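Shared chain: chain A. Partners: chain B in the first complex, chain C in the second.
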Partner chain A sequence: MSDIKARIDEIVNGNDVVLFMKGTALFPQCGFSSRAVAILDHLNVKFETVDVLQDAEIRNGIKDYSDWPTIPQLYVKGEFVGGSDIMMEMFEAGELQQLIADKDVAKA
Partner chain B sequence: MCLTRPSLKTLLPFAKQTAYMGNMSDTFTGPVAAEITKRLEESLDPSHLIVRDDSEQHRGHAGHDPRGESHFTVEIVSTRFEGLNRVQRQRLVNQALAELLKERVHALAIKARAPGE
Partner chain C sequence: MGMEASEIEALIRQGIPDAHVEITDLAGDGDHYAARVVSESFRGQSRVQQQRRVYDALGGRMGGVLHALQLTTAIPE
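This part shows the complex of A and B:
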């Protein structure tokens, strides 16, 4: 296992909800990341963010990690959920709320 | 750059709006859009496909390419998506466009549906 995969494993398994994004929750640097944060805020869950712009190794590594070429990426209880399009579709369908409830995710 | 965080209230109408259909010259604005269209038609045989260039909306953002054609929305309907979940559908689109995503296209929003959905 490469170092970067081990690092990402540690992050996604060490937090219930993790968003790999551009910028921070307070200052997103991209519209898609901004939308992803707004959805998580609305779900009232505790979430961690990782700013890929501050870490080139993670920025590249995360794309291979889930074979997903774009940022943001959401992980819940260690599982890859999707990017911002999927988050919005799931949110609108009530599926994201259901996933959060099913996985017994910690509240904000 | 987006230094403010839009509220969900302002985001939802954006997500729900239907894709701008445009006429042919709006939809196929340049060589990258044409290449995206070609690759998706070849690999996924879509019954409906709109490739929209959103680059102008991102002028001045990180990742905006002065050549234009850096940000796209793809709306695609294909029988290949039947029985697949959202992640699997987007993977098919991403795989078809892998080289473009690596080199040229900075952002791609995807709406992938099977017929009748």
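This part shows the complex of A and C:
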């Protein structure tokens, strides 16, 4: 298994909620990433962020890992959930709240 | 860099022949669009699967020449 895949495996399986994004939760560097952070803040869950702008290997590796071409990418309990648009649609439909409850994710 | 709205629409239609596609230019810079894609063939697919099909239709331009595409997929009412 390529080491980049192993590195990503470790990150997504080591945290309940992980957002691969551009920038950080405090200083998002892209509108889609900041919208994703805002949604996670609303959900009041503990989440880890990975700034892909600081790590080119992860920035490209994550797109192959999930077969998804864009950033941000949300993972809950090791599973790829979607990008910013899907997070928004799920949040508005209450599906993200349901997923968080079903997977028993740690609160912030 | 960037793409024309008509080009995006044509690519999506090529990949998803029965799709009804609405493209909105968000910034007028050829780089920031919103797209709404409605197709019967999405029925029964998850949002991730639906959106993957649109990205596949765009043939790897997503995240490359096309920087930002706010995407909504749906099945006909």
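One rule holds in what follows: the second predicted complex is superposed on the first by the 108 of 108 C-alpha atoms of A that agree within 3 Å, B and C clash if a C-alpha of one lies under 4 Å from a C-alpha of the other, contacts with A are read in each partner's own complex, and residues count from 1 in each chain.
We adopt the following convention: a residue touches a chain if its C-beta (ideal position, glycine included) is under 8 Å from a C-beta of that chain, and two chains touch if they have at least 3 such contacts.
The shown structure was predicted, so the numbers you read here are calculated from the model rather than taken from an experiment.
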Contacts of A:9 with chain B and chain C, given as first, second, both or neither: neither
First, second, both or neither for A:64, with chain B first and chain C second: neither
Of chain C and chain B, partner touching more chain A residues: B
First (chain B), second (chain C), both or neither touched by A:32: both
Which of chain B and chain C A:42 touches, first, second, both or neither: first
Contacts of A:82 with chain B and chain C, given as first, second, both or neither: both
Contacts of A:92 with chain B and chain C, given as first, second, both or neither: first
Touching both chain B and chain C, residues of chain A: 31-32, 67-70, 80-83, 85-86, 89-90
Contact footprint of chain B on chain A as seen in their complex: 22, 26-32, 34-35, 37-39, 41-42, 53, 67-70, 80-86, 88-90, 92
Chain A-facing residues of chain C, complex: 47-48, 51-52, 55, 60, 62-63, 68, 70-72
Partner chain A, residues of chain B touching it in the complex: 1-3, 5-8, 11-12, 15-16, 58, 61-63, 86-87, 90-91, 94, 98, 101-102, 107-111
Residues of chain A that touch chain C when the two form their complex: 31-32, 63, 67-71, 80-83, 85-86, 89-90
